[in-house]
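Structures follow.
Next come two complexes built around subunit A: one with subunit B, the other with subunit C.
Presenting the complex of A and B:
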């Protein structure tokens, strides 16, 4: 009690002093405010002569001057420095004298504050002129108007900002510079996915290209066509086809005079990559392959002769394919075969080249198992997987995804392929994979994902909405007995067709990831990425 | 470089001798433009910058003087061949084999079309095809053709074209003349493509995309002389032939030919990579059997069939007349050439064309007709449904209906011509009436 009384007493004295000082401060503050208002009015008169930008600066200044008067966490200007030590017991006369002395000093303080504020606003406007996405605001305050508060974020990729007209304009300009036609979106997009591109298969990009394509190498045009028509599908196939086309480009390349191969070739590849991106959004594996090639090209020493450089690049590409795709598949098959025991019933989904390879290898090693192939519309890729497995002699069952919970009690393991493995352990794969993993988890069936390390990607995604691919909605239309019910779907205003290609599976549903580095849990993906980056 | 364009303009026009005995077929005026201007314009619009033109010296001379040909901005590399020599289209390709460095796009000079060429070329590119061609639904020409008594029977031989379910892959091609007893289809085709659509109402547009290997193959095989007649059916047949044959000498030769076509892709050393990509891809062009995409065949022929839009081959008189009527609709050009002098009291229909430097006098009526350059039409002339070529003089009071009047003819005063074909440089006497010579050919 006594203590509390003492403390109370102390608090009282503190309060009194605080109120006194605060009172003085208030008066001080009031005086400051009055002075500022006068100055502000003067400035307003000046402003009317000056341009609008000055006004903004002054406004910012004014706000910055007001801020120290306002809240607690303020930039250290003179008045706030006075406020901060004030709660500490300050002798009254001491505070008075500083107050008196402060009056002329405060004008100096005001000037300093103004100067500082002006500098900061100029700096901010310079950065705004640079046209960057974010303005690093050193004094990020919740009170500041939202236009000033643009936090520094990594640039969002263009292909998930389709509903932003500025981004589209930038893309159009970039493509125009590279002389590549812009592919226009088709059909009504479901509102949740309106930030993604949706193209029609019937409107290929080659419509807008001249026929003997001079801007784009013919191998790349052929590749783009094959991508957009689905002739080359599956992330391994796409990467191999891409590297094959790049080999042809490199073979036909000649360095123009006064240029260096290491710089010019990379610039030559950029429009090709934009073209391929327009035909079909690049996959993570393709992105990694392109990064590798660009790195190899820029590492070519300038003394190197053209022929030598070209042959070096070609051998690099072959090496990459051999290591990352062919040998990786062999290694993964070796690890997976340990996991396949006799009498297993293995469930696979869709057509993954790696999983098919594993199963074929296991069958050759005389393991006894049978396979259940799960398929889904509209791609019905499972039929191709079924064909390949049955051709080898593996006994298979074929169901559609709607029957997966019916068939799961029979299954002993689930093998899934992946399009990419994200840095937070999520698995990005064909749409429907997360469903299979979920149902398998519910039935306590182990889920094994097979993925080469070159498909590991530094992106982080927790849902399938943010970044995905929209396929042609007309692929969902089916004709049965001569009747096409959805033929005129575009005329129905409340109907939208959605043809998603990918989805993400959380790591809790995945029991093991089999990579060429070994068998790792899903959460070790960032470790692998880190190790890879250190190596490179 | 992706494709080289070759225009075949050495054809004789053997099916319309009346028109072509004086003017070679490539230079026949259609809508006041020479016939070969149309395929050249098509190639130019699509983006070609160079064309190799195979033609005769006569045509070459006429080309250099024709004003319309000067409009063509592409570089024309003219190769002249002998007019009398019996050179087929394949022979012509063999002749220019040295100039061919990449895949070729062969076009015939009598093709008038507005097809989107990328559809044919996309088939060629996407499937790495050996041959891609264009076909259209055949047209029935209903207008009465001058110079023919009664309706002409379609004595033309039909083409039997077999395509697969998607309508793109060419499985079978034969002309009625080659089939003696009936249509026989090999079992290997039926096994691979159990569903085949056989169409007879199609007309070949003579537009082919050929791989360079085919041109090289032609150089070795001198027996093939016509692309349409021999090369295309050969390639279509070869898609399904077995590569391992019984060891006969003839078959060995054929095997070698097959190998030259199969084995030479653009860069043979990357073949395993392409193979790897195809293996890893989860795509197949057919389903229901155990074989991989394309049944493992390297030789593939594709066809693009158009059913809407303009596609004419001007090789008969009926086609010529129809083309004259429809060709102007392809282009947005003024119906009346600015340099033509037309008096105000002339009644001109909206679907008529008047060429440059024409003079049309009063009280004339011109309906659904094409009038060539430098033609003079005097008073009180009625021209309906006719084609009048360059330099023709039509005196007063004539009545011309459904006729084709070739260049530099003179039609005397008061002549009444119905469904006649007047040859080049002819003179029709005044008061001549075609009634005395029913729908006849005046030469």
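Presenting the complex of A and C:
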């Protein structure tokens, strides 16, 4: 290592010569190459959080830690150089050392080939950046198996770090760069939730945009407004609306001269996604849909003509909607109908498009059952579900969530929809779902959750505090008997209103999850995720 | 003649009380809390004792029972009326027994064995006439009234024993007892209160404004968020409409869900209920087809705080026997 310290910065050929004889120097050489490569990668993949970039980050961290160690051991301890890095870095986790041991174990021919590959990728990245997207993926794939078990350093999403001023500053800078207005928080936030945003419905982001907006496509502006005002609500509806808006964007897109469609279109989409995120935080299903689109766009070969590329993308999106949402709903309905028997009393909560679909299908198949719709303030979404079911002719009862323990003895099954299924088996859904599951468990009523696989999410969460959405607090205000008690809540310093949107249900309350892949227990969600990742 | 005037006056008062009850309706009427109802009932019973015509204890009890049944019929969900009537009946019995001689006092149910096997006083006539009975009964009812007036304060005084600093306390709906309890603790300690609004009447809003005006850090949540927020709550303190003989509760809509959520997180559930809310009826959920109230079984309750101290739910049956005579359970 002492030698490499001296020759640090000298021409590459010298290093390459030395590397033929001393395997340990090669590690430093690789470090440099990897660092350069990573810099390129980081510029492109800012928002992607796939395993490759994490792994690279992790390696970078490793290398950073090893470098000071290498520098410290410069005074002659040459023979023991290989061993020194292993015991010396005490804070470095043990899992790094097997990976470190891997490198000297590889043959020199392999290392040379890898070096060549990296040089190629750098050259390609200097020319047209497209190469980088393709290259790092195959080089990191062979390393993927050992790193799966290594601790992954994930970047925390911005929307759960509102109490951190640095993160807010970064966000403001990013939005300024993208020319999107920053939405400001509204009202007094309950201290337990000071790490989350709280926006007001009455101040949508679109009011701060000029007309016409040159930066954001009008379909996206309209979509953002629909999201923030709650006109489009429900995770399936939001995803489908998003995909349709993106289709419009793609149709209207023309590649500027000297740009690649695959590279430029992804960049065009970023400010739109930031804008939509500001209007209303993205849901897990929307996140997965966006990942899919970005991947599809990036995989467009450079020699493809624009019209062809666009039509290919449009058909991809159509296919995604069809497969993941429409056909999945049909499959789930088919499985669920087996679980509905004649004479059942089914309890549903709020308005889940999937559960409504299932009930309507079951009714068409001439099953005899009646439905109890449970609703809650302040959204009162159950009324919409009630309207849809009654239109079909299903006999329904309507109660508020506080009466759930009163009517539950008559109920035979509970069907719940989900917003996302988390990797630790928790179900993230509309606030109140966990309450219904709890009371149902207390009365020994089976709880079935219906969820498409595209809503499966790699996050883990155990309570409803660390990551949630805070809706407009003014929605809780109500007038009863002519008096509005909370009208001037802002003037009272110690009074706060909390309007949560989501909550998480522990897996022990849920008996079965019905997905398009079949009926699985809650704890099998990470297995499905693993299978999905391998497929992709 | 003073007699008939007094009688008409008396009947007028009774009628006006009954119509008040009918209009009032479970505490959502014109500022009528259960404490007020209890006080007014007792005052009216004292008036009846003073002004109605009766010669022996048995007559008095008959009159009280008759009027009592009418009052209960006017507003069946307001159980404090029935409770006060039973209390006064017990007072009459005791005074009668005392006048006859102290031998009857030892017949009080002292042990579980006696409770289960005893059949009450040996002679049921109550036909003997005692001149001092009226004065004694009125004096006893006055004592009862003083006790009623002090209940909320007595309960509130115990607040500091149960609330420590920086706690997060959850409550539901509007209970004047719980409100006084929390406000008293807030004078010396700082803590945070989360109020579930309790739709559709949303009485939680009133509770929240009143608590925040007293300087307590308050948050209003929707009913749907009770379980979501429960993991951060240290204690649940609620009031109730009635305490049943088995230690269960008849409380406002949504309390059962709250109790289940508290049980799941092993959070203690404390009920602040003055003694006049104890009702000798054992109701099962099926009887009450009134979704304004929830039945909460005794296994979900940790502690009852009443004006005479704290008790476990298993002790309620004991208190019942001290307050009411078994014969009066069915009026």
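Observations on the model:
Keep in mind that, in the parts below, the second predicted complex is superposed on the first by the 381 of 536 C-alpha atoms of A that agree within 3 Å, B and C clash if a C-alpha of one lies under 4 Å from a C-alpha of the other, contacts with A are read in each partner's own complex, and residues count from 1 in each chain.
The working rule: a residue touches a chain if its C-beta (ideal position, glycine included) is under 8 Å from a C-beta of that chain, and two chains touch if they have at least 3 such contacts.
None of the values given here were measured: they were computed from a predicted structure.
With subunit A as the common reference, subunit B sits beside subunit C without any clash. Shared-chain residue A:519: touches no atom of subunit B or subunit C. When both complexes are overlaid on chain A, the residue A:377 reaches subunit C alone and has no touch with subunit B.
Once the two complexes are overlaid on the shared chain, A:248 sits against subunit B while remaining clear of subunit C. In the superposition on chain A, A:351 contacts subunit B only, with no contact to subunit C.
Of the two partner chains placed by superposition, only subunit B is touched by A:210; subunit C is not.
In the superposition on chain A, A:495 contacts subunit C only, with no contact to subunit B.
By the touch criterion defined above, A:331 lies against neither subunit B nor subunit C after alignment on the C-alpha atoms of chain A. Our summary of the superposed model lists a minimum C-alpha distance of 18 Å between subunit B and subunit C. Of all the residues in subunit A, the ones that touch subunit B in their complex are 204, 206-207, 209-214, 218-219, 221-222, 225-226, 229-234, 236-238, 240-241, 243-244, 247-248, 251, 321, 326, 350-351, 353, 381, 383-385, 387, 390-391.
On the subunit B side of its complex with subunit A, the touching residues are 1-5, 46-49, 105, 116-118, 121-122, 125-128, 266-267, 270, 273-274, 276-284, 287, 290. Those residues of subunit A that touch subunit C in the shared complex are 190-192, 376-378, 399-406, 409, 430-432, 434-435, 438-439, 442, 463-465, 476, 478, 480, 485-486, 489, 492-500, 503-504. Taken together, the subunit C residues at the contact with subunit A in this complex read 192, 194, 197-202, 205-206, 208-209, 212-213, 215-229, 231-232, 253-254, 256-257, 260-261, 264, 285, 291, 294.
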